[in-house]
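In the two complexes that follow, chain A is the common piece, with chain B as its partner first and chain C second.
For the complex of A and B:
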């Protein structure tokens, strides 16, 4: 167990270091920096600009900047934002919280819908109900989240049923606790719907395929012959047997908690990581971009790690394989 | 229907769709950049078959749209003047596939403009812009996929064929690219490239960025196939006869990857079209005045457009038939690959 854990952790560390080097490498290819725009400002003298560049060390070579940045990471502040003039980590965290609220809810909903629907559909494989559901998921699969969220937005704006954009209404600070909760929840409806609609078909199809395959297995026919109830058969026998690919997929959906909602956030102007990062990209606020990329990679890696652990726990074959070595 | 006929139908439909976009100049009634300042934000023209007297017309007709007096974006149909749609009319010059100069358009409204999908804020015909925008987006997707698959093929073949530490190193780099959240990667790469560039250069830049990002998955697949193919008996035999490595790869090993590459292409093209749309929507991709499916939607980021001019959303649906075609193609190809595999396995035993 320890060896398995250590190997996975080492792998994760390698990936994170690699990604940070890659991000720095791309940044070194970049023409210009945050202070270039200031050259157009007549109140900025050339000396002042040079002083600023020196102060923020953008004039140093890449290797030096990288080492200093690693030092900042070790201190837990992920470098310095030029635009906000503060360390990056608190900025990112404030935005990441909002993103996690959104994507956490959406992911939970996706799996709560995908598991029963997928099992239900696999049980009726090829019958009208299953075919209808397959068509519905195919349609959802084709319409990308950009078109979906814009369409939802148009609908909401024209009907006026739901608030569009942002996370809270004007005057949020003065609301009572229950009112605050209701307000945020009503703002979440649209983005969460868009996220669920774009992620559900993939999970649903995987659940359906995996359970359908498990249902074909001889041991299930035997269990059926023993007269075990249909419900127990589906959820206690077929679903665990089908769990392997689903756990991997679950790990992936944990991994994309920070990166999956980027576009939806921008479209719905949810104050999460997406719009923040886009702004940073447009302003060439280098360390914010690198910090964002690193943070979301951290989530991806952590998601994979969680999936590995779950698989280790759920699948005796993997346990045997890793301890046998 | 057998899989083969389905595949043929699928390819034919997709081909027809792409042809429509490739010959956008013919199907579009107007130049995508031509501005009609008299008709900003005109709603989609309504084609009528039944006139005010209840008479049925086989040839559809429409009424001229007039700005309501005192408003700047509310239009009324001028019911007194019905204009029939005319076909094969002469209009703005264009070139087919960049070589054949023509002036004939499939349809037009004569002197009265006909805007099937309405117009944008500059009075540009949205229908024409969707067709021409498709050229940009689809081409970005196709070239991007081609680029990605070429990189994937080279890396995967090299890793699988050489093996050893080179294989190990290449696959580690591939893992790195797989670990990066790809939309962030897309953004990051784009972030570190110049922002304000002319349209054509921006297009090439976007294609290069999209193409450079996704190579890791196909590379891993190709590597797997090369690894198994290089141990096949006929490859060993050829090697035994003294065939050089390049010949082995070209003649015996790489043809084995064709099926996977085709399937991957059917999956990647819509993904990359979407990537281009995303970048252009966010203002990081192809800029105005060149239309693309992404930047056609960019105006929806303004609240007043979203509220008042719902037809500006219609371009978002343009890619639906294309994506449907590619999805069907991908699942058919995957299905036939599985069939082929099973066949091969049973005949091999």
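For the complex of A and C:
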């Protein structure tokens, strides 16, 4: 067990270092920096600019900046935002929280729907119910997220039932606790719907395919022959047998918690990482961008790690192999 | 003597399913009739694709038949609904060709062997283990195998586990679908002898499905030769092997058997 964990952690660390190097150098390689636009400003003197560049150490060689940045990261400091003139970490964290609220809810919903629906569909493979569901998921897959989000927005505007942007209403601070909860929830409906609609087809199809394959396994036919109940067949036999690809996919959906909703957030003006990072990229707010990338990678790596742990827990065969039994 | 199972004019046709896909209907089993007496073995011999395995699936009610009757325990299985079938299933068990994938590799041997007992209701873990150990004893494996998993066993041991699992519900009829063909020759002989022993001590009836003439002649009281979904010849094992009359049977007999020498080494129990 320990060796298994350590090896996985080793991979994770290696991946993180690699991504940090790439993210840092690629962002730095992009032409221009935050202060270049100031040169167009006639009120900004050349000396003042040079002083600013020196103050933020943009004039130093890249390797030096990387090493200083890594030194800061080790101390939990992700660097300094040029635009906000404050440390990056608290800025990122405030946005990441909003994003996680959105994507966490969506991911939970996706899996709560995908598992029973996928099993249900696999059980009826090729029958009208299954075929209809397959068509529906195919259509959802084809529709681009952007079109989906815009369509939902149009619906919301036309009907006037739901708020069409942001996370809270005007005067939120004065609401009672219950009212606050209701307010945020009503703002979440649209973006969560968009996220679920774009992620559900993939998960659903994977569950369906994996369970359908497992249902064909002779050991399942054997159990069927013993008269084991349908329910037990589906959930105690087929689902665990289908677990491998599903757990990997689940790990991936944890991994994309931070990065999966950027577009939807921008379109629906959700105050999460999406609009924040987009702004930072356009303004060349270097450390904010790198911080965002690093945080997303951290989630991806953590998601894979969680998947490995789940796999270890779910499959006695892996346990037996790694403990050398 | 009343036969354990009587099959009358069984037809299994595989057709198209689903929207838009029109596959041509294929008749896997075409109007087949036979019966098996208690404690006897009928061998169903045929080339691959002759409809033997469809037969096994139909008889064990894993596939619904297209037409015909399966009389078992005084009822026609072909006409029963899934719920009604559940009470019959324990009496009629199927053993598959390849024990590597007919056993759930996630579970221990003890769990696998005792699992069918669940259809009779919940049982305690101790009782479960006791029953499983007893069954393993019957098939020549000790109780020390209870905690092992299928991957840690050899092919022959796995097939013994599969047989133990099939027997735990005390069936009257065992459908053996090519149960020997995934095994080495020497192991085949061991399992064949085990089957004979079990038949004697339990009074089991076997439907022994195989492509292997020698084994069929060795184990069966009666042989039915299947070709293209039909039974082309049927009779006492000795008679069929010696005086085969239909061209299909002669062709089957003439086909060079795999591992002939090893087969001839099979000891008569």
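As a working rule, the second predicted complex is superposed on the first by the 319 of 325 C-alpha atoms of A that agree within 3 Å, B and C clash if a C-alpha of one lies under 4 Å from a C-alpha of the other, contacts with A are read in each partner's own complex, and residues count from 1 in each chain.
By definition in this document, a contact is a pair of C-beta atoms (placed from the backbone, for glycine too) under 8 Å apart; a residue touches a chain by one contact, two chains touch by 3 or more.
Computed from a prediction, not measured in an experiment: that's the story for all the values here.
On the shared subunit chain A, the superposed partners chain B and chain C are arranged side by side without overlap. Centred on chain A, the angle reaching out to chain B and chain C in the chain A superposition, using CA centres, is 90 degrees in steps of 10. By the touch criterion defined above, A:206 lies against neither chain B nor chain C after alignment on the C-alpha atoms of chain A. Once chain A of one complex is fitted onto chain A of the other, the partner contacts of A:150 are limited to chain B, with no touch recorded for chain C.
With both structures placed on the common chain, the touch criterion links A:158 to chain B but leaves chain C unconnected.
Touched residues of chain A, counted separately for chain B and chain C, are more numerous for B.
Looking at the shared chain after the overlay, A:65 reaches neither chain B nor chain C. In the superposed model, A:224 makes contact with chain C only, not with chain B.
When the two structures are aligned on the shared chain, A:187 is found in touch with neither chain B nor chain C.
In the superposition on chain A, contact of A:289 is made with chain B only, not with chain C.
Here the smallest spacing between CA atoms of chain B and those of chain C, following superposition, is 8 Å. On the side of chain B, the complex with chain A involves touching residues 172-173, 175-176, 179-181, 183-185, 187-195, 274, 277-278, 281-284, 294, 297, 300-301, 303, 306-307, 310, 313, 316-317, 319-320, 323-324, 327. The touching residues of chain C, counted against chain A in their complex, run 17-19, 57, 60-62, 85-87, 89-90, 93-94, 96, 98, 101-107, 115-116, 118-119, 149, 151, 162, 165, 169. Per the touch definition, chain A reaches chain B in the complex via residues 14-15, 18-19, 22-23, 26-27, 29-32, 138, 141-144, 146-147, 150-151, 153-154, 157-158, 164-165, 256, 258-260, 262-263, 266-267, 277-278, 280-282, 284, 289-290, 292-293, 296-297, 300-301. Interface of chain A with chain C (complex): residues 126-128, 131, 217-219, 221-229, 232, 237, 240-241, 315-317, 320.
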